[in-house]
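Worksheet for the structure shown next.
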């Protein structure tokens, strides 16, 4: 079984990169970070590069800072699901061959670059099975399912040809009104 | 992320128990043993009991020795799949609600208790999704798919209402003829 | 290279190679086919663990396990965003599921698949209006009425309604509109209540045919903006116990003709709240008819922590609001359920995907069951 | 408890909360819907990794990755026991799959789903006779003919035949009986060969309509009992290279009118065989038109080791039978493929579920791509 100990090496690190600002994946993340990973010895962890890391990304716009393949990216403050940026899409575009849900839930996230709060629409991408990459679950301002427009447990693949969920985007709708 | 390190603890051990007599799971086992496991710290490994172990089983017949929930059980010399003994069935019976395939592949296994070789029929159980427990892959006398009756890569859920594979049994057909 | 003992040209030929039944201690040939049947009624020790299967949502499942022997008894396969209900009286499981006719594509179909306890075999496949709620595991998405007569399925597409299924005829009896309201919590008279987005409670009564006999709506009582009641509730005696994100318990008595929204009480002391102790986990709560309520708790509460794992479970007496015990969990828990009887066990699906079994009174960890799928999310006590 | 900034009552209402386009550096609203399209023709650096999904067989997938940038480009979902083929000329992928109409139950349907390179979007859903071979990943289960005209699907239920699909009309052209023979290996003239259970080779030629034009059968040449040829073959130049469990290479020239079963040669020296060096892995072999052949190897060979992981890959010149190099793999490998061009890369799906990329000549490890599903089993170079 010695080869079993040599497996995967960096899925831990990969999972760690996906944590929210609170250093937590949520229960979905807890289980899904586990799936597909394998035990490792400390020696293996020390001796290899981060081969399983998702390559770093950036938007190309300094006013839109951060890495959209990480859970910490500012737009993801209310997201729950696989990040489309890791699935062949981007932070605001679905991967090839999927269909963007026309209805969705809404969050308000703070852009650290310009200090503004933006209204973010978390459109799901639908029609292929779970992407399985970069699960991110942040529940800021998440409310129960009886307040659906503020709930991220709902499968928003509604009004699409297929209800099968693939990944989630974070699309800017505009600047949010100031707090009352 | 500290709780992530506390996860699962004994899936490693569980996977190890499933190895064949040659100490190897085969490539199927390699990947599947990994799936669902999570990284662990040595401290976690040392401090907990084997909570994920499949409870030990026996046939109740000393002439049919060994634990049918382990890959080492004598009848499994040519098996490839999830052991029905771990899935609500037994070594020769399908789990509730599944359908036993009428056709299958055949192996010849040596019973250490009586020294006889037995012809074993590896009937698949069909109609529910992958059991996911106790994957066991032993390829003794396995031949390529163009010799189907001696091949364990084939989904033998044929002639059943559903072709969906759940787990595999090892049914005694009788004592094998002596070697030429 | 090893010489083969035999290479039968076809499986049937193998029979020719069988020694023709000479006397002796040899093992006898065994029957084909052979399928296990479960003893019914079930013992008090069965539980169903729900694998949400986040990485393969179209292929979820429910694992039947014996929490005493740790043995795996069988499985029900399910489609995406499935629900599980059961009736002990009928000896049946009801799996709600959404399935496309070609896997991830093709026509959407919504079903309730009926399985019997003895065989875990499909008894009926009831087709529903194709709008059942597709959400991450939520017990409130479906319920059997108190009289075991109807199965209620919450719809959200995104308009909301409830499909009522007659369990005698195994057919859809009616669809009840419920705009702005969500989820189903059975009352004790065969009807149900729902939580609404405006902070009210809606109560619906059913007639013998499973159609709406009447409805009643409360005043707003749920401050959703500031401290919403989690929909992950537990029934204790005649009252549903909802717990707010902040840790306040809202009992709603459903034993009479009209629901009564009872007085609230806190899980936490002011000091504990100041220290950020809050309820946490997935299905936070478990209840027992003796009046006991268990709630998963985290000391690291913040806005958004309501889905964090719970390192502790706290036990309360719902009569007095008194905390009876604090259990430190072996592994942080996600979802909880309690068994019935004099000595209830607390069942906890933990963040390692295992099912932990604790003594419900002392919190002593008794054992765990593992290998329960990809992302097990919920446990149901089957009794 | 944090006061909410806003709670829109409906998603559409959120638009009302958007500040109406004041001047300044603020980020602009973004289009909905928005779906990525891939540039075609593809660069030479794309590969497809096949996730067999042993724990959820009805939900398998193919991941398109760039082996240079390590970026994930997109995915194709598939049903159980899927196959993948592609045509660069047509810019299409062909996914063979078996799907039941209600997930694990309902009617069996066998399909070839056609996807375009640019959008990975379904172009056609070709229904097949419901008997396509359902086996663990096997490249020989399907093939595109050398002229890119037909797709061949091997059937086994358990009787064997080949379904021929016309890729112009996207319809089934014929079903060719092939009793006792299995798998499909295209020749260079638009026909194919099969391996038979009696140790012979069957060659079939097709006419313009995709129906059988003729067939030819060899004498027995494959000693299946004692040292069978693995069906996990690689085409190098005009010849399929089969490798026996023991390590002997059997080239079969398919460039002419009739296949020629060429002379065998050993991967191993007598000393290496005595030390139990044998081919191992899942898809052992990879080929390159320059004449190179890579084979996964294990030093721990025994009867049954042919599905063990391969800690090394050995590189051979098929012209001379000479070993050019031994690569120690970073992580033991399961399945191999080689890219085309002057400087081929060796691609290896390893036992950690990653895709390792090696320099095909030196064996230098270049990089790896991870997160490829539950049980990735095979890689296809897409070029």
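When the chains are written out, they are named A, B, C and D in that same order, and each has its own residue count from 1.
Methods note: a contact is a pair of C-beta atoms (placed from the backbone, for glycine too) under 8 Å apart; a residue touches a chain by one contact, two chains touch by 3 or more.
Fair warning: this is a prediction, and the values are worked out from it, not measured in the lab.
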item	value
Label of the chain whose CA centroid is most distant from the centroid of chain B	A
Comparison of B-C and A-C (more C-beta pairs in contact)	B-C
Centre distance in Å when chain B and chain D are each reduced to the mean of their C-alpha atoms	27
Distance between chain centroids, defined by C-alpha means - chain A, chain B (Å)	36
Interface hub residues of chain C, defined as touching at least two other chains	3-4, 7, 9, 55-56, 58-59, 77, 103-106, 122, 197, 224, 303, 309, 351-353, 374
Contacts with two or more other chains, residues of chain B listed in rising order	3-4, 7-8, 11, 24, 30, 34-36, 38, 103, 128-129, 132, 141, 143, 147, 164
Complex interface listing, chain C residues touching chain A	54-58, 80-81, 98, 100, 103-106, 108, 133-136, 138, 140, 156-158, 181-183, 194-197, 224, 228-231, 281-282, 302-309, 334, 351-353, 374-377
Touch list for chain A against partner chain C, complex	22, 24, 26-28, 30-32, 34-36, 80, 103, 127-130, 132, 135, 137-148, 151, 153-155, 157-158, 161-165
Contact set on chain D toward chain C in their complex	1-4, 7, 9, 53, 55-56, 58-59, 77-79, 97, 99, 101-106, 109, 111, 122, 125, 197, 224-227, 245-246, 303, 374
Residue ranges of chain B in contact with chain C within the complex	3-4, 6-11, 14, 35-36, 38, 51-55, 61, 63-64, 86-90, 92-100, 102-106, 108, 111, 114, 116-119, 121, 123, 125, 128-129, 131-134, 141, 143, 147, 149-150, 164, 166, 169, 171-177, 179
List of chain D residues in touch with chain A within their complex	2-11, 13-15, 17-19, 21-22, 25-30, 32-38, 59, 61, 64, 69-77, 115, 118-122, 309, 311, 331-332, 351-354, 367-368, 370-371, 373-374
